[in-house]
Every structure is written in C-alpha cells, then in structure tokens.
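Heads up, the next two complexes both have subunit A, just with different partners, subunit B and then subunit C.
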Partner chain A sequence: MSEGLYTFVSLDLPALLALVFASVACGLMGNFLVLRRLSLMGDAIAHAVLPGIVLAFLVMMALGRPDQARHPLVMTLGAAASGVVTVLLVETIRRLGRVETGAAMGVAFSIMFALGVLMLEQAAAHQTDLDAECVLYGQLETIFWFPPRQTADLLTFGALSQAPRQVWTLALAAGGVILLVTLFYKELRIAAFDPALATTLGFSARLLHYAQMTVVAVAAVAAFEAVGSILVIALIICPAACARLLTDRLLSQLLVSVAVAVGASVAGYTLGAHAPLWLGAEHSLNAAGSVAVTLGAALTLAIIAAPRHGVVARRLRLFRLAVEVAREDALGLLHRAEEQGLGGLPRVALLATLDAGLAGRLGLRGAVRRGLVSIRNGECRLTDAGRDAARSLVRRHRLWETYLVEHGARPDHVHGPAERLEHARGAGDRAIEPTIDADHDPHGRPIPR
Partner chain B sequence: MHHAPASITDVSMQWPTVGEVWRTVTLQAGFNAAVVVAGTALLGFAAGVVGTFALLRKRALMGDALAHATLPGVALAFIVAAALGAGGKSLAVLLPGAALTGVAGVICVQLIVRHTRLTEDAAIGAVLSVFFGAGVVLLSWIQTMPTGGQAGLATFIYGQTAAMTVRDAVLMGAVAVIAAAAATLLFKEFALVAFDDAFARVQGWPVSAVDLAMMSLVVLVTVIGLQAVGLILVVAMLIIPAAAARFWTERLWRMTLIAGIIGALSGHLGASASALLPRLPVGSVIVLVSGAVFVVSMFAAPARGVVAGAARAARLRAKIARDHMLLEVGRLSSAGPGAVRINQIARARGWGALTAWLTARSLVRRGLARVRDGEVTLTGAGRAATDRLARTRALWEAYLTRYADVAPSHVDYSADLVEHILSPEIVAELESTLPGRDAPPEGAAA
Partner chain C sequence: MTAALAHPRPAEADAPLSTRPEHSADSPLSIHALTVAYHRKPVVWDVDYDAPVGSLVAIVGPNGAGKSTVIKACLGLVPRAAGRVEFWGQPYRRVRRRVGYVPQRESVDWDFPVSALDVVAMGRYGRIGWVRPVTRAHRVAALECLERVGMRQYANRQISMLSGGQQQRVFLARALAQEADLYFMDEPFAGVDAATERAIVEVLRDLKSQGCTVIVVHHDLQTVPEYFDEALLLNMRVVAHGPVAEVFTRENLVKTYGGRLTALSEAADALAHADRRAS
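The block that comes next holds the complex of A and B.
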C-alpha cells in the first residue's frame, strides 16, 4: 500500500476506531441518563472511575504483577467497582442525609476524584504512563498500529491481534452495550419514562438503575483511557441531548444520538489532527478536546435549527400563531365597528388597535388575501365571507363571556379571558354552546347566530 | 502531574517531623508558607459561606459548569497576553479571562434551560464538557507556541499551592475576605431568595439582581480558588462544607458560620499538608478533609445526623410498642385474670419474643406494669394510661369515620397508626368537636 495510506492505517485509523466505538458505547447509554435527568451521574461516574483504575493498578503492583497492572479486565473491574460505589454513595447521601440529588452527586464525585488524584500521585512513583493529564485529555495521539505492508494481510488474525489494546477494549464495550440495549430495550424504555410502572410490572427499577450505572461505568472506563474523562462526559451527554431535540421517539433518538456521536467524532478528529496542518500550522491540536468542541457545535446547531424543538422553529411557530390571532382579531374589530354603525375602519387605526407589530400587518394582509377584508382608500371593510367568519368569532367570544359569568366570574373580568379563548376552536366551545340559551352577552351585546 | 519527583525510583515520601507539622499548622514555618496557608484557609471560609447560599438555592452544580468553563478563558487570556508581548502568567491577566468564560458558561446553561426542552442537568453536563474541551484544544495550541509551554497553566486544572507567590496568596485571601463580607452584608436578601423566591418576588425584592449577586460571589470564589484547588475540585469547596453544615443546625446564620469554619479548616489543613509533603495535591487533600468532616457530620450531628435520626425513630417505635402492649394487656385482662403472659401478647401483636420482653421491661421502668414469671400485670398508673389510650383511640375512630370519610373497615388500622402522635391538646379539641360521642364502629375499641 502507498505510504500515505500506511500512515493513515497506522496512525489515524486506530484513533478513529477508538473514537467511533467510544461514541457508540457512551452515546447509547447517555440517552437513558439524559431522559432520566441523570446526566450529571455520567459526569460523576466519569470522574469517579479514576480511583478504581488507580486502585486496581496499585493492587496489581502490590501483588507483584506489574505486567498485569494495565490489563483491561483489571482496569474494567476496578472502574466498574468504583462506579457502583459512587452510585451507592450518591444514593446513601441522598437518602440517609436528606441532601438533594445534585449536591449529593457533587459531594460523592469530588471525594472520589480527590481520592483518585491522591492515589495517582502514589502510582506516579511507579513510573507509569497513568498520569493526571492523560486522565483528562486521553491519549488518542499515542494509539498506534503497525500492520503488515500488504493490504491483503490487513484482516488476518495476526495483524488484527496486533491492533492497539484500547481499540479492542472499546470494540468489546461498544458491542456489549449494543447487545444489552437490544436485549433489555423494553425494560430500559419503561424504566426511563416511568420507573414506578417498571416496579409494578415486576422488575425492580432500582436493580435496573444500578445495572445501568454499572454499564455506564464500564463504558466510561473503556473509553476513558483512550479519549479522557472530559470527552467521555461530552460523549455521554451531548449526542443524547442533540437527539432529544431532533426526535420524539426513543428508538429514533438512540439511532440519531449514535449518528451524531460518530459524525462529530470523525469530524472533530479530522479538525483537530489534520486541519491545522492543512492550514500550514506545524502541530496538530488535541483531538479529544476538538471532538468535544465539535459535539458542542452540533448541540448548538440542534438547539438553534432543530425542526420541531429548535429555538428558530419554536419562534416561527409562535409568530405564525400570533399572525393567525391578529387576523382573527382584525375581523372581530371590524365586526364590532359594523355593530356600532361604522362601515369600516381606517387601516392605520386597525393596525394600531391590534398593536401586534409585524404580526398584525401580516395578519391583516392574510385576511385580505383570503378575501375576508377589502381595503379601499386606506379604509378596511369586511367582505361577505369575512362577515361570516367574524360573526362566528364574535359569537365564540360572547359565548365564552356568558359562560364565564354564569360560572361566577365578574362581568368586568371576562373580556380578557374570552379574548384568548375565542381563538381556540374545538371541544371547548362545542361543549359550552348548548349550555347557553342567552341572546345577549353580559355586556348587553347580541350574540350572533 | 508535571512536577516529577526528584528521582523516578524514589517511591518513599519524606515524612515530616512532629515539630515541622506543628510549625506549619500554626503558621510558624516561614513567611511564605504561612501566607499561603492563611490565604487558603480564608478561601475555604469564603467558599463555605458563599456555598451555603448556592446549595440552598439548588445551584450547587452550576458551580461545576462554571469552574470547568474557566479553562478556555485562562488559555485565551494567556494567548492574548502573549500576543501583546506581556508576560502571560500573571494572575491579573488570567483570572479575568477565567471569570469571562466561566460566566459565559453559566449564561449558556441558563439559555439552554430557558429556551429548549433540555433539562438543567443535561445543560450543565454539556456546557462543562464542551467548554473544557475547548480549553484543552487551546492548551494544546499554547504548547506549540514559541513563548514557552503551558506549564504554568496546567496548575489551574489540579491546583497547586507550591507554585503560589506571596502576592498570589495575599490576593486570594483579600478577595476571599471581600466575598465573605459581601455575603454577610447581603445575608437577609440571600436568605429570602434561597428559601422562597416566589415570596421574595411578590414582596417586591429584585430577585434576579439578588441571584446575580449570589452568582457573582460564586464566580469570585471559584476563580480565586482555581490556582490553589484546581478547577475540577473547586466546586467541592462550595458544596461539601455547606452540605456538612446543614446536618448541624436548622438556623441559617449558624449553618453559614459552620460551613465557613469547615471550609477554613479544610483549606488550612490541606495547604499545610501540601507545604509539608509537596507531592500531595492540595485540592485533593482539601476535598478529603472536608469530605471526612462531611461523613462525620452526616452520622454524628445531633440536629439532622443519621444516628440522631435513628435514635429518634427508635424512641418513637418504643413508645408505640409500649402503647400497644398497654392496650393489649388491657384487652386480654378485661376478660380474665389481671395477669397476661408476655408471649400471649407477642402472639397477638405478631412481635418477636425480644421485642415483647423489652417493651415489658420498659413499662416496668416507667412504673406502668409489673412482670412476674413471664406475666404482665398493670399497676394503677398503667391502668390509667391504658384507659387514656383506649379513649384516644375511640375518639380517633369516631373522627375518622365521621369527618375524614374513612371507610369503617379501614378505621381500625388508621386509628392504630395515628393515635400515638396525638398531643393532649388535640385530644381535648377532638372531644369538644364530638359532643355526643357516637359509639365508635366495631364496638368499644380496644
């Protein structure tokens, strides 16, 4: 294979694979944390696996097995144990001490992390690459693979067994998480949305909670060594948060979150490791940090532009509603003017009374376009179709006023509420209509038929 | 950490002598060490005081987002200062940068919570990881800059007092004093907003301005704590002393004071330990000291501690058991002879032998019963107490059926539960509300 391809396979591919597997493992589990408002449990666990890893390391050193001290199984056991300890600690502090969840997490994870840092200083004396900085940043840049030169030999057992340990660990973790989520999809779903229902259905929500946290801890530790604890937190929370803004169904949320995590990982790695070089810089930037920033950018994009739940979409929906309300209000105003013997209202006066700015102008224009209002020489008048529409609107308004007064509201207080209720067509006004047989509203004005 | 031990084969630590420990803790081990220890203690005091309000306002973890979000600010300030040709490592440059992005992080959290369907926990987690990631990227850029590495900046992550100059320590102490003083001056406003912000708003208090002031103090404490404790653990100085103090008292000013003292103690011991054993990371020692205080408080504090709570619950259970035994003896002895066998009572109530025996002893101690040959006999005082209990119970049953709409078949159980918590005044009041005293359901109770 060519030199460039070989560099890619030995340097970039392991890092990319590690990132992709980490994205799948952490991203999937993150969904359940975000849905259960336990995102910060991911934060706490990612910090708290540190003492477990260091303790496992120190124990192996003390047992005289330094060669086994970084064995993935040992580290996973240590981290899973400290993850569970953290969860138990949070629960204990919360229940026994009656401390609110957020503060309980803060207490538990900072004590665990402090313990980890302190023990790390001990481990540092054993001349190890486990150091406080790689705990945070990870060591994506130092994962290498030295595969055979021949492309055909790449997928042989011999070549693959030479692949970096971190990649294999993460591949296993990702596979395990996918398997568990598939097997226990139903249980996880019920527990995420209604833990009480889960318990009444006969499987313990609390047991599931601990099992889930253990899986998070295992996923976190598998990813931790390669990508660092900060990116673990970002991978747990950001993709799930993105997906939560983009979808309304759990299955699609899971798929979208994994897609976001993988996409942001690949893009972030490229931006951090290669983009600076393309731009002429001499060094690349930290890849884990760059992936975290890319995840942040993806989340920002989702917050702004998500089709249903994004800020822009929400604003637009509200604005469209405001235009619709202004259109109906314009009809109502013109109808009341006709009742008082005026043929119409000047456009300027109408807009000023609507007092809805751009929405008011667009609402009036909509009424004209629909043939409900005609404007001649700056004077707005109802058309016949408009008069019908206005009559039914004013009818709803006065029905609501009558209804409210019949049910104890003071007559001088009902105009405001009726002004809002008149725009809501549906079950409400159909339900009150037959109960009212008055011809006039509380203010003595006729209720149109 | 970046400061390597003298030799990599040097596993052992140089343990200080008792004299050294005493001199360091009492601030007599040289001017420099004394100033750093005192400054850290003041920082701990301010963090405890400010943290109390943050905890009660349920903003504890906001401090975590804030602290992590300071990293890009520190890095940016360094880059800007280096580009302008100034020395980048002065605190006067770095700390404003830290405050700037820290506040930006907090604002992001609040915007996300207000304008999207995401909850606060997700917002905090996303902001802290993304901002910190940005900081890491900037640090990796700084490392490649010709002006010389990030060595001075990495201390902001884990904290280190060994690198602090006297000027840094004095600055830290002074700002801490200002923060604590400001919190004291605004005590009334903070208390009001922390306990009932809706009431405060209705009363016309500027709640958002008070919140802003509270958050500013949190920012201040976090930022000056960065160098000593590090940005990952600085949030612990806000949370742990306050949460520990909560166990000791129900009064806010006492809680504030206790939190301040716990914070100062942790800061003092942490900085002292680090002065004696430079390899010890200060932040961790401070957190572990306050963590130990937290654990002790959680179990041993008389006001809300676990042990005190368990003792209260046990006393209540014992009283309830005594009441039950009196009623049971009264019921069983009304039909036959005055003496009732203890295991007969145990069977009737479903108790173990030990519970029954202990309850009987407790009745004897109070002069309400006599025990001979495994049989319980009521004394005069015991009979009077039993009559009183039976009457309370009958009252309750009548009240529950007539006024609380409890089905007659359920009344016995409910009455059983509530009769023990009645005070004499309530009994009197109940009696006056039931002038006729209908016959309670299920015949005369007990």
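The block that comes next holds the complex of A and C.
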C-alpha cells in the first residue's frame, strides 16, 4: 500500500465511515420527525442525551468501574434513558404548563443540556476526556485506524477488530436503524400520517412514538461522541427537509434523504479537510462543522431549485400562468376593439393596455405563433381562428358578469372578478362557463354565441 | 370481608352489557353510562345508547356537544372517565377488525408524501398485522375500494393534489378497505361538493344493505331525515335517541340546540322537510 493510501486508510477513512454511518442512522429517523412536525424533538433529544451519558459515566465511576465508564453499551443505555425522560418531560410541560409543543421542547432540552454541562464539570474532576467542546463539535479528527500495511489483510478479523470503536458503534446503529425502518415501514407510515386510525387498528401511536424517540436517542448518542451535537441535529433535520422538497412518496423521500446525508457528509468532510489547504491556509477546518454547513447549503439549494416545490419552480409556474392570461387578454382586447369598429390595435397600445411587462410581450408573441393574431406594420389584428377563441373568452367574461349580478353583486362591481374567472380552468384544462342563459350582459353588451 | 359486605359488588358488574335488560343482545354497539372529561371538565355526561343492527345513525348536536368525543371514547382514542362500551358484547380490543373509522378530514396532514392508493391500503393494515408488508392482493382490494367511490383514476396521485371532496372519498375508500361490520364516521359530509355527497350517501346505503351499522357525526340537520334511520341527539347529555321519525321533533331539537336562533331555523326547515316526506 502506498504511503498516501495508507494515510487515507488510517486517517480519513475512519472519519468518513463514521460520518456515513451517522448520516444513515440520524438521516433516516429524521424523516419521521420532519413529517410529524416534530423536527425540534431531534434537537431536544440530541441535546438531552448529554446528561444521560455523563450520568452513566459518573455511575460507573462511583461503582469503581472506570474501565467500563465509556463502554458504548453503558453510554447508549444512559442516553436512551435520558431521551425518553426528555420526551416525557416535553409531554408534561406541554400539558401542565399549557404551552405549545415547540415551547415545551425548547424548555425541556435547554434544561437537560444545562444539567448535562453541570454534570460534565463534576465528571471533569475525574480527569476524563469528556468535555464541552467535544460535545458540540465531536472528535472526528481523533479517530484513527492503524491496519496492516498489506491491502489484502485489511478485511481480516484482526484488522477490522482494531478499527476505532466509534466506527463500529455507528455501523451497528446505522444497521439497526435500517433494519427497524424496513421492518416497521408500514407502521411508521400510518402512525405518522394518521395516528388516530393507527391506534384503532391496533398499532398504538403512543407506543410507536416512544419507540421512535428511543431509536432517535440511540442514534443520537451513537453519533454524538464522534460528530458532536451540532452535526447530529443537522443530520436529523436537513436531509429529511431536503428530501421532502424533492419527492412526493415516503419511500423515495427516505432514499433521497439518505443520499443527501451521505453525499453532504463526504463532500463536507473533503472540503473541510482539503479546501483550506488548497487556498493556502495552514489548517483544515473542523470536519463536523464543515459537514453541517454543507448540509445547510444543500437545503438552501433544495429550497431554491427543487423541481416542483422550489422557489424558482413556483415563480416559473406563476409566470407561465401570467403569460397565458396575457395571451387570452390580448385576444379579448382585440375583440372589443372590433366591436367598436376598429380593425385592430397598435402593438404598443395593446401591450400598454395589457400592462403585464415581459409576460404581456411573451403572451402576445404566443398568440401570433399560434396563428391567433397577425401583426403587420405594428398593427395587431385577430385572425379567423383568433376571432373564434376571442369570442368564447368574451362570452365567458360576460356570462360570468351576468351570473354574478344574478347572485346579488352590483353591476359596477363584477368586471374585476369576471376578468379573473374568464381564465379559470376545470378538469381536463377546459375553460369553465357558468350554465346560465342570457343574450346580454349586465352592461347591455351582447353575449357572443 | 366486612368491606365487601358494606359495598357489595353487583353480580352483573363484570357481565357483558348485552346481558342487561336495557341493552339488546345483538347490538353492534352498546354504550353504558359513558362520561368523558378533558382537564377534569366533563364534555360528555352519562351517555347510554344501543345501536340497532344494519341502520344508519346520525349523531346530531351543536358545536361542542361532544359528538366526536363520544366516537373517540368508543374507540379508546380518548380516556373514559366512567362508563363502558361494548361491541357485540365484547370489549373493543377483541373486535378491532370489525370496526371501521373515518376521522375528520382536517385531522391529518394532506401534504404527506403518499398516494391515494397508499392511504386506502392503510385500511388493510389491521388485517395485515405487525411487520408483514402490504401485498399485491391488499393493493388490489384497496383499488377496488377506490373504484367504489369513483376515485380509481386518481389512485397514483399524491393526496395533496386532490380536491377536498376527493380527499374525503379517499378516506371513505380507506374505511371500506377495512371491511368492517360497524363504522364510525366523523363529519364525512363537512365541506364536500355535491358529487362527493352523493357518493358518500350511496356508500352508506350500500353498507346498510350489507347489514352494516354506520354511525355518523352529522352537522346538516336538513339532510338527517333523508339520509339516516336513527338519530342520537346530543348536547353533552343524550337528549333523545331512536328512529328519526320519532325523535326528530321540534321539542327535542329545541332541547338539543337551546335558544340558538340559526340552528333553530335550520331545525324548522328540517322539520318541514320531514313533514313533507311523511305526508
């Protein structure tokens, strides 16, 4: 194995593996929290595992078993217990304090975290490497693996058993979460969508809620030591929120969230480790921090550019609608001009009346392209096809005016609403027309047939 | 021993409600002395009711009368402060599969990433049981239920892309997928279009013809005589219950709705309607 590859395997690979497993464990569970509008619960639990871990540590020290004090099982039990306590605390504060769930969660997790910090100072008296800094940022940079130099020996039992404990713990957590979500996919789905029905069918929503929170707590504690609480929170919420914007089915949401989490972890780690050096800086960045920032960037990108729910897509849909409306309005204006004995309208005047800016110009161009309007020497005229389309639009407008007046609106108040209703589309994208029989609108103008 | 003598337990305390004279033996639903409280404040008081087999029952009453609460208490979704509920003489947990439920439409998040078919398939989950996946046969059954409410062509549409009425029909199809004998429906007619209302009524009559009992929280007094056989007039307590023709009287409605003018004029319309039907 070359020197460069060996450095990668012993330094970067363990950190990357820890990140990927943490992404899977936290990212998957995050979906159910985000869907149930309990995102803050992930935040609460990620903070609240701290007192559990420290308490477990102190108990083992008090029992005279310092060698066991940082055993993963001990820490997991402590964290799971304090996770459940937090969930109960949130319930209790919400019920007795009569505050909304968000406020209850905020109160619960800040109290639990503060308690953890106080206990941490106690633990520091035992000269441990548990400290507030690693609680927040994790210690990805301190995970090493010194495997045999021969590539062929890497996957032997001896070499793998030397792999860092955090990586193994996280691998186990990730595998466990995948297994549970696969097994209980149906139950998790119904409990998230309709807890009442789930309960009546025998899948107690309450039981599933506590089970989920326990799994979140276990995933959080497994990830916590390696990646820190900030990244745990980001991993729970960001990938799921991204996937929510990109998909319309639960299964694809789960898969996309995992892909986003893993992708952002690898990209964030690589950028954090190498980008500053490329830019000539002396030190690389904190890995957990750069991954969390990458996750934030991914979510920002999804909010802006998601194909259906993104800001750009929504704006674009509205703009297309405006172009369509302007196209129809142009026909309507030309029809009314013909009614008044004018053959057509100057293009400039037509666009100024439409008053729709770019959408107006594009709408008129669309009408010309469809052969509804012809422009000669700057004068717009309806073609025969255009006249038919315009007639049906004006008919709808005047029918709607008549309809509104028949239903009690004052005649001088109906033009505006009719101006919008004439563009309304129903099933199969067909225009909607009120079913009434009238020859003239409330202003005495004829309703075209 | 002395304590037991001082407070003798009535012999029938543990016997099924159906063995008591005031409750009928084959009733799909027997409610006895049901009281429910939120924050120690009672919202439903001492409700007694027996639903007849194969009938359509409307629970009617003003806002806050506890209509939904009665249903939820029957299904164990809110704790009972007192009273008992039995289904065919058995507690709910023994007969889950025979009882279907349509919650209020607003009770769920319609942006949830599932298709109409996924939602209807949820009605089968009780039959499928823990851990086992939804099989093809269950999806076919769910598709047939969508067909019955005229929604088959929307099976693969995400539920947020459906209109309110279509969403309600998906909920109805989900209840049909439960293949139950007794159904609870919480305001299925609220805010739906005419086509959906017709579809719901058709399904209700269909269920009745199969011998099912359907208990519906209903807010539109005018349609009670037309759609339902039985009415349970509720305002925290039961004001009256029985066949619509007998209990849907001006006197009972005044008692149920108190002096609320709008409700009373609605009630007058409903009465006039009922009279026309009778004559």
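Everything below uses one rule, namely that the second predicted complex is superposed on the first by the 437 of 449 C-alpha atoms of A that agree within 3 Å, B and C clash if a C-alpha of one lies under 4 Å from a C-alpha of the other, contacts with A are read in each partner's own complex, and residues count from 1 in each chain.
Operating definition for what follows: a contact is a pair of C-beta atoms (placed from the backbone, for glycine too) under 8 Å apart; a residue touches a chain by one contact, two chains touch by 3 or more.
The structure displayed is predicted, hence computed values, not measured ones.
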item: Side-by-side fit of subunit B and subunit C on subunit A, or clash; value: clash
item: First, second, both or neither for A:A267, with subunit B first and subunit C second; value: neither
item: First (subunit B), second (subunit C), both or neither touched by A:I178; value: neither
item: Contacts of A:R244 with subunit B and subunit C, given as first, second, both or neither; value: both
item: Touched partner set for A:L201, first subunit B, second subunit C, both or neither; value: second
item: Partner contacting more residues of subunit A (subunit B vs subunit C); value: B
item: Partner chain in contact with A:C134 - subunit B first, subunit C second, else both or neither; value: neither
item: Partner chain(s) touched by A:A281 [first = subunit B, second = subunit C, both, neither]; value: first
item: First, second, both or neither for A:S110, with subunit B first and subunit C second; value: first
item: Partner chain in contact with A:K186 - subunit B first, subunit C second, else both or neither; value: second
item: Colliding stretch - subunit B into subunit C, listed as 224-232, 404-412 or 422-430; value: 404-412
item: Residues on subunit A lying within both footprints (that of subunit B and that of subunit C); value: 37, 244
item: Of subunit A, residues touching subunit B in the complex; value: 34, 37-40, 42-43, 47, 93, 96-100, 102-107, 110-111, 113-115, 117-118, 121, 124-127, 131-133, 136-137, 230-231, 233-234, 236-238, 240-241, 244-245, 272, 281-283, 285-286, 288-293, 295-296, 299, 303, 309-311, 314
item: Touch list for subunit A against partner subunit C, complex; value: 35, 37, 183-187, 189-190, 192-194, 196-203, 244, 247-250, 252-253
item: Contact footprint of subunit A on subunit C as seen in their complex; value: 72, 75-77, 93, 96, 99, 101, 103, 107-109, 112-115, 118-119, 122, 125-126, 128, 130-131, 133-134, 158, 174
item: Subunit B to subunit A touching residues, read off their complex; value: 1-2, 5, 8-11, 55, 58, 60-61, 64, 112, 115-119, 121-126, 128-137, 139-141, 143-144, 154, 157-158, 232-233, 235-236, 239-240, 242-243, 246-247, 279-281, 283-288, 291, 294, 298, 304, 306
